[in-house]
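The following blocks contain the structures, represented as structure tokens.
Each of the next two complexes has chain A plus one other chain: chain B in the first, chain C in the second.
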Partner chain A sequence: MSDEITFQIEQLNFYYGNTQALRDVTLTVLPREITALIGPSGCGKSTFLRCLNRMNDTITDTRISGSIVLNGQNIYAPNIDETELRRQVGLVFQRPNPFPQSIFDNVAFGPRVLGIAYGNDLQELVVQSLRAAALWDEIKEDLKQPALSLSLGQQQRLCIARVLAVTPDVILMDEPCSALDPIATNQIEELIQELKEHYTIVIVTHNMQQAARVSDKTGFFWLGELIEFDETTTIFTRPSLQQTEDYVTGRFG
Partner chain B sequence: MDNIQTRATLDEHLKDIKDDIIRLSSRVDTAVDKAINAFAACDVELAQEVIAEDVHINTKRFELEEQCLHIMVTQQPVAVDLRLIIATMLIVTELERIGDYAAGIAKLAVRVEMVPKRDIPNAIYQLTSQCRDMLRRAMVAYTEHDANLAYAVADNDDSLDTQHRLLFHKLVGETRDASHSTDYLLSVLFVAHNIERIGDRSTNIAERVIFMTSGKLTEF
Partner chain C sequence: MTKLVNRKMTFNTKYRQLLEFVVEAIIRISGYSAVVFVGLIFLFLMQESLPTFGEIQARDLWSQRWYPIENYFGVLPLLSGSLIITLGAALIAIPFGLMTAIFIAEIAPLWLREILKPLVEILGGVPSVVLGFLGITVLAPLVREELYLPTGLTAFTGAVLLAGMAIPTIVSVAEDALDAVPKAYRDAALALGATRWQTIWRVTLPAARSGVLTATMLGIGRAIGETMTVMMVTGNAPQMVSGLGSLFISLRTMTATIAAEMGEVANGSLHYHVLFSIGLILFLISLTVNIAASAVLFRARKRTERLLS
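Then we have the complex of A and B:
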């Protein structure tokens, strides 16, 4: 059974000091599916996302209970290598954050640090990652140009290429289009659909139309609780709970 | 502003289409009533009025569909709002078809003027009363988001069908009697058929109301 599940999250609670940010969240993420997390600001969806690759560990005075099992392994077990976990579970942030280096060096950074590839293999991995991130055709003439000279949309796809270069299983995306214009947003959304063929994706978005367009499953968070989780079509056509309906129809609060 | 209504514009649009579709259903209901009266009284003038009204009903149908398209494009409704828009677009088509049935009865009224006149069977009035009641209650279910009422409307259709079947056999039997005008009886048969179809369309409206309120796609 665990072969068919990427993430099995059970009774997850998370605290920033005395403030409880997540309450008894139980959720299953299936492989090669896109799971969207929606909800108002402060509802816990980004906190939840960052629990999935232990990015919250870097914040002081936080506490977690419950379990997150990735491909059969509890990611909060003492023997877990966090660097390896974050290779397996990559994160794309809200604003593109390329390193102030060349395009090539940005994508090659992870494989070099992790010792995944060198020389011609590294060259090939960088090209493959840029192709998979739908950026190759736009920048193939000059991989040495500074990453920061790219448009914001290109920078975000570069950041996705950087994640792909370390051959992850899961890609987490925390509002990846919120800083982008509509065309760049469409390109990222199309890219997400293509990536689904090989990767499991969990995306946090404030844009409900985006959740409806790109995802297979949608979870609605409110005040740290996962209120409803279902097929995306169900959530946006016939949600089970009034709270979900109020939120997706924009009549929340 | 203390309390901003987050979807005030959408709510206003939805109220407008609800008001408009209720007005349309009222026009359609009146057309059915007039069509039966025109047929019963062989009133050609009244029948022509119903036939002319059908053109207005058709125009209003497209206006309402345009309103629904506008809301979909500009407001991107989801969940209950989306279901309301989809249901409205489907219901407006049912109303337009009921308008066609009324016009069909009115055309028979014009035609039947040419044949010897008889009193129409009481069962025609009963069928008409029942199908108009179904239509009105289906539209109340729509405005009130009342799934129970929609189910009750659908339940009525079986009784309407039974009455129609009885009338059909009675009229077919009468066509064998040489003293009755076959043309006239056939016209009454067509009228009865149109009324029965109005009941079916009203049931379709009830099915759409059930979808709108609960998301369930139901066929009775």
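Then we have the complex of A and C:
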């Protein structure tokens, strides 16, 4: 299992209209590892993340070149079903965005639209997902309450439960804690560590300590390029580039 | 710097206070006047229609024959005519209008949206008499020939045209509501593997439901109050409605009756007062529709406030 490759990204270029957002990004994501992507705002790390489940397809006037291979299959190949790809590669957004529906309906949404669970199986799947997202104990009394009545931290864990319910292989997280307070952030970070046992995780973060705490590998984006990618401990203790060192030590960015 | 500042503060302050007072008074009066006008209209309608009940029984009013020359003032044919034509218009306009709104808000590319939205709003501004012309010259003959009816001037013809008038209202309001749904909801649905249609049906539409409901209410309100078009194309025969089949006979609405007969009625006669009673009924119906619409909106807002507090 250890040498099985989840994502293999090669020579990835991405353009918004005439603006190039990503330049020749090459990166390999290994299974059951947490890969953190860091870099100053506007450096392309979120764009890169959204390429991995083709969420950028929903934006008009964009262009992509290069290849992203997931488990041996190029995800930009014409025969790829993007809804199935997005089931396999879940995305947790920056701001918690539960639907204005009940907790149960939020988690059940994915299984329902994909038609992968019904009746008692669906009930069980929702419960398991909420447990796996460390939310179950707080809300088990009332799954019918509106999701928007939860605290922001709970909402974000609900969004993670919603992603888990469609049984993904990879979970992408786009600054999942930037809207949360330190306690909620801590809970999410603990959750990420637990999820690592079963899922491959790619996380974009602005928080250096977070990257250092949770990730196995760290990539540093700079002006649309992935200029350094290595073991997290290496990046944070003896990076090979001066720019990386300046950034992780807080001297700029 | 200090030289640039006007130190005569006393004058300045008094002037500003006066201006503030005047502006506030004007705005206040404008606001209250809307309420006063509605109240006055209601009072006037009451005053002109109440004598009806001194002269004939409510039972006579609530009967099936409208023939004012012989003193038959049964408003049921007119009431049922209005209702069935509105129902027919709603059955056409609501699905069609909502689908158009969904297309414009969710599916059409940006350039097409920028053409369609103003076009729909222009359609909403077409005078009803022009639509009536179209109805008489194009739609009515078509209905007669295609459905093998003795006349094309039927309730159905009126319903189709009314739907045409209600659709722009429905599309415009519903599109605004759909457009106001945060993009984050759509992104979340798509990221979970939902197709575009599943996203619209299960996330966007439910999230916009109060606005969509308001849109249909406003559309229906527009249809039930419309006069000119229905007068021109429904045949104006005050026949009693006896089910959905009555859509294909000539009918008459309350609005058309008032418009057609008010001009030749003796001022202060029983007929005159009965026409005002019909106006009162119309007023009450549109009031009910509007109150229902705002009740729905109010409930939705209450819920949001509870959630955000």
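Following the convention adopted for this analysis, the second predicted complex is superposed on the first by the 249 of 253 C-alpha atoms of A that agree within 3 Å, B and C clash if a C-alpha of one lies under 4 Å from a C-alpha of the other, contacts with A are read in each partner's own complex, and residues count from 1 in each chain.
In the analysis below, a contact is a pair of C-beta atoms (placed from the backbone, for glycine too) under 8 Å apart; a residue touches a chain by one contact, two chains touch by 3 or more.
All values derive from a computational prediction rather than experimental measurement.
Chemist: Check the residue A:209 against both partner chains and state whether it touches chain B (first), chain C (second), both, or neither.
Modeler: First partner only.
Chemist: Hey, is it chain B or chain C that touches more of chain A?
Modeler: Result: the larger residue contact count on chain A belongs to C.
Chemist: Taking the superposition as given, does A:239 touch the first partner, chain B, the second, chain C, both, or neither?
Modeler: first
Chemist: Taking the superposition on A as described, I'd like to know which of chain B and chain C A:26 touches: first, second, both or neither.
Modeler: neither
Chemist: Let me test your reading of the model: by the given contact rule, A:74 touches which partner, first (chain B), second (chain C), both or neither?
Modeler: A:74 sits against neither chain B nor chain C.
Chemist: Taking the superposition as given, does A:146 touch the first partner, chain B, the second, chain C, both, or neither?
Modeler: After superposition on chain A, A:146 lies in contact with chain C alone.
Chemist: Once the shared chain is lined up, is A:58 touching chain B (first), chain C (second), both, or neither of them?
Modeler: second
Chemist: Can you check the complex and tell me which residues of chain C touch chain A?
Modeler: On the chain C side, the touching residues are 109-110, 182, 184-195, 198, 202-203, 206-207, 306-308.
Chemist: Give the list of chain A residues in touch with chain C in this complex.
Modeler: Residue list for chain A touching chain C: 53, 55, 58, 60, 83-84, 86-87, 90-91, 93, 95, 97-101, 109-110, 112-114, 146, 148-149, 159, 162-163, 166.
Chemist: So in the complex, which bits of chain A are touching chain B?
Modeler: Per the stated touch rule, the residues are 208-209, 212, 235-239, 244-245, 248-253.
Chemist: Give the list of chain B residues in touch with chain A in this complex.
Modeler: Those in contact with chain A are residues 6-7, 10, 76-83, 214-215.
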